[in-house]
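Next up: some structures, all given as structure tokens.
Okay, so chain A shows up in both of these, paired with chain B first and chain C after.
Right, the complex of A and B next:
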């Protein structure tokens, strides 16, 4: 069963522990700017929105990669960046219409969420269950995916 | 069905894979005219600096990838296409029949009419073979002259500097990357390069090259340069359409294709740098010559070839560049258009710049310097033609809040 990160912005308090956990596990540093998940802060509305890759089926990043450095895990559906192949050209960072794959200046490679191999640290760090890890079918990413469909310039098969 | 693809760059390879996905039994032949397995020109700068080996430039990393998909990879040069007999003629006179043909022949570097451009030590940087030569000549301490500071020139620029050469860049126009970014951004890049020890001559033309016996003398329309051990020509590219003369396939600057990526001749399609296909930002047909467009074309053309009626909305012009650590990008109609409104955030001292172009409350173009986070959102907003509502006024005042606006629009409750 494919699982995904289900994010409920209504439960997010903006504590940013997900960002801390992510950057610490992935980069060995408490540095939100290196986190694969980001919390957007809408002060005027007193709302916080955690935001990261949906592992979308279209995999814009994977398609745009010129050197085969991004693959889809056949079991989990997660899109993974292979550091040994990534040349740091950054084409994926402009191809992804969600802006969820970013260039890491310190490594010269791109980074994106990979569900920590099936045990996401952000989920464990979240004190309010604003981020949970559950079955893909029930995910609240549907809205995001619909939105994504609007950006798609390819599969509009009419027949 | 007997599918034949001419050209083994990203458009051709993605097309071959997509054909196989939708037609398990069809015969697929992929023809490339270089000596290597299909590789990515985009990866060449990283090969130049030894970040990757030659193999690291290959488009697919498993050796038996094409065999596994029953894609016949043939190394040959196609001389002409006979669309009536549905036959290709190769350089050695041999022929090949096709049922459906994809032209993915890419582009070639322009060689401006400058005397001495054919001298040893003068190279374009387009093929792996070119890169091998540059790799050899661009030794630490050598003086290298780069002709052209467009997108490709600027990518090569970084690799050359990292190789430790002394570099001079000569660009005809008044700034760097004139077809990718405006004067503020182009001059930021120029100042940045100068601060890193690169000599950048804009508004300057190379008039003549000659061999002094100790290297290449580079004549300019104004000013002087030291003798160079290597001249790299990056003066733009042109679609490879010459071999289509007399074929009946309609061309302009590229092969003119409809919204199924089909040319005026039935069963002949085009994709990638050779295709003059719809540009999403203007609605007109244009050769975009960028990796994401090549891949989109390849996939869509193949779906149509396989019988799935699939329409191309158009590809969005977009580029990203890393110039000695300064990252810049541009999308869509970054220069604006009639009736568009501009929002700018300019911080010359810190080399940061963001320019947004709006038509009504929709984003139609953007460019950035000194930013690398969430850049894809700019594509997302332009391509989805999202109505920004009240966020537009916010962004006119504070363009840097674009990522917030994006996330807010995605979560409808936030305006």
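Right, the complex of A and C next:
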């Protein structure tokens, strides 16, 4: 089963625990600027939105890479950057329409979310379940359910 | 580890920025933030210095845990000799600024001297530079924040700035970061303004490490679980914010109303958390839109509110039709119950103005309440107020005065003095509800006796954040004590004061202590920092910090006589509620407090006490 990060911005409080967990597991320090997931604060609208790579099936970054440093995990479908191949040309960062693959100055390689190999740290760190890891084919289930609840099919009372 | 071990020293007179190593001997005794920043200040300034002279210093200090994943570990403090009080000032703020400063690689910034012309400091990692603030001077905090992000093309920059209030010498000006989090009390923003320093803008990309990651992750995870499972930090604060207290404190007969004439506010519900969440009658939408966490905080008590667009305060001002920092309990009380105003939208607007122009809503509301008191007594007349009727309960007047105080215009200029100076000016010093020149927060010492002692002895003047015995006396945390009794309160106040000093110095938020004791906190600090940090060493560190602050105040000229409360609280009994008939029993608690502190009967720490603590 392929899994995906399902993000509900309505639950996000902007605490950045996800960024801390991500940077700790990937970089060994607490450093939000190196996090693969980022929380955006739309202050005047009272909205916080966590955002990260959605693991495109036919991925722009992968297509653009001139040295084939980005591969697809056959089981999870996750796109992975191979540091031993990446030359730091940054073409993938231009190709990605979502901005979710980025250059890391300290290593000279690009970095992106890889679902932590199937056990994402951001999910475990989120105190409000704004980020959950679930079946990729059922990512819309909760939203469908919410709308389903609004469907008025109550039995009509007749006079 | 945990500490970056680097201090940025900025001399505003000469315009230089220098790096120096953190004194690790002191760090091991005073931890960081409040404790360590105060140690530096005390070592470097004359306690008798005029707070607004170039010889006073202004320190921005983070704690060792600031910038880590420990819950609430995003805080910083501003330490200086307070403009409002002349006492030691240490104002603590959340938001994201403190963590960003740490990520840039700095434990602390020490500002000294005074710039000839307005300047701001930019920090991008190791690079710190002073720039002209000519084009920023006169701008609000909000406009300054936007301008600096644009000038530096750094949308992820975090800004701490003063508004017009700080520039123009409002005595209780704040330093506001991230638009609506503030180092709020004692006039730390006034000191910043006196140095011609408009803002500090920081971007950090270097990360923070800790001594033992494995132990730290384990300890912080356990801590977060405890917060989540606790009724206050896991349910009450996220859902209602600190405003959860409004109805509770009112029912306890400890909600100071109309300049402490009353201890219960008949319209408390109208300005409560519950009212913020209910759909408004006017437009069917609630005042409260969302809750917001500060950096790393898993509680998320912050309120984000939006004012009804048709409300008289903003109907012609679309620039205020957006969401921003909403009412916390203390602000809602000061702007509301203290002034007798029950219009939630008006309070929210006044709160926006406080954030926008950078001044403390607690001191502002209380000062306005004192002015109203004098107006109703006939001491102040329309002649002095510029034609304004300063009557308790008027929302129009509250919001008009908030605007004028923000800009130091008209009668706002007098309100910007703070209640002590204002009441002294008109010969009614006793109507200022303050200790050491700083206005009370939202708990009446007649209904919560321990708070009277906590206010009287607070090193930065009246304050709820130095020893929050409300937790014990009202909420039963860590154990219930009788709010109307004075017995045992001396020890209780000391215990809260010492523990709080340690929590503040670590870089954590004191709200965690609704769920955490030092038993929960010590393992987190111990894993992060070198040295041996146990509940006992933390408590000792807290006591050391408390005595160091006290000694500074005594050297500055304060005496035991300043550990007092206004006459109204000592002579006029509460008229209603559970405390009906009671006055503050400060005289019963204070001598015992001096004793448990190891101070003489004049409130001076004995040589033995200072030696024991190594002060």
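Note that the second predicted complex is superposed on the first by the 139 of 159 C-alpha atoms of A that agree within 3 Å, B and C clash if a C-alpha of one lies under 4 Å from a C-alpha of the other, contacts with A are read in each partner's own complex, and residues count from 1 in each chain.
The rule we apply is simple: a contact is a pair of C-beta atoms (placed from the backbone, for glycine too) under 8 Å apart; a residue touches a chain by one contact, two chains touch by 3 or more.
Everything numeric in this text was worked out from a predicted model, so none of it was measured.
Applying the stated contact rule after C-alpha superposition, one finds that A:119 touches neither chain B nor chain C. Judged by the number of chain A residues each one touches, B leads among chain B and chain C.
In the superposition on chain A, contact of A:98 is made with chain B only, not with chain C.
Of the two partner chains, chain B is the only one touched by A:90; chain C is not.
Looking at the shared chain after the overlay, A:48 reaches chain C, while chain B stays out of its contact range. By the touch criterion defined above, A:135 reaches neither chain B nor chain C. Within the superposed three-chain model, A:23 lies in touch with chain C and out of touch with chain B [touch as defined at top]. Legend: residue contacts after superposition of the two complexes on their common chain; A:64 is shown touching chain B, with no touch to chain C. Overlap of the chain B and chain C interfaces on chain A comprises residues 33, 45, 47. Residues 67-69, 96, 99, 103, 156, 179, 204-210, 213, 217, 224, 228, 238, 289-298, 300, 304, 306, 322-324 of chain C are the ones touching chain A in the complex.
The touching residues of chain A, counted against chain C in their complex, run 13-17, 20-21, 23-24, 27-34, 43-48, 125, 127-128. Here chain A touches chain B in the complex through residues 9, 33, 38, 40, 42, 45, 47, 49, 51, 60, 63-64, 66-68, 85, 87-91, 93-103, 105, 108, 143-144, 147, 150-151, 153-159, going by the rule given at the top.
Residues of chain B that touch chain A in their complex: 10, 14, 40, 42-43, 46, 51-52, 56-61, 280, 291-292, 295-296, 299-300, 303, 308-316, 318-320, 322, 325, 327, 329, 331, 372-380, 383-386, 403-404, 406-408, 410-414.
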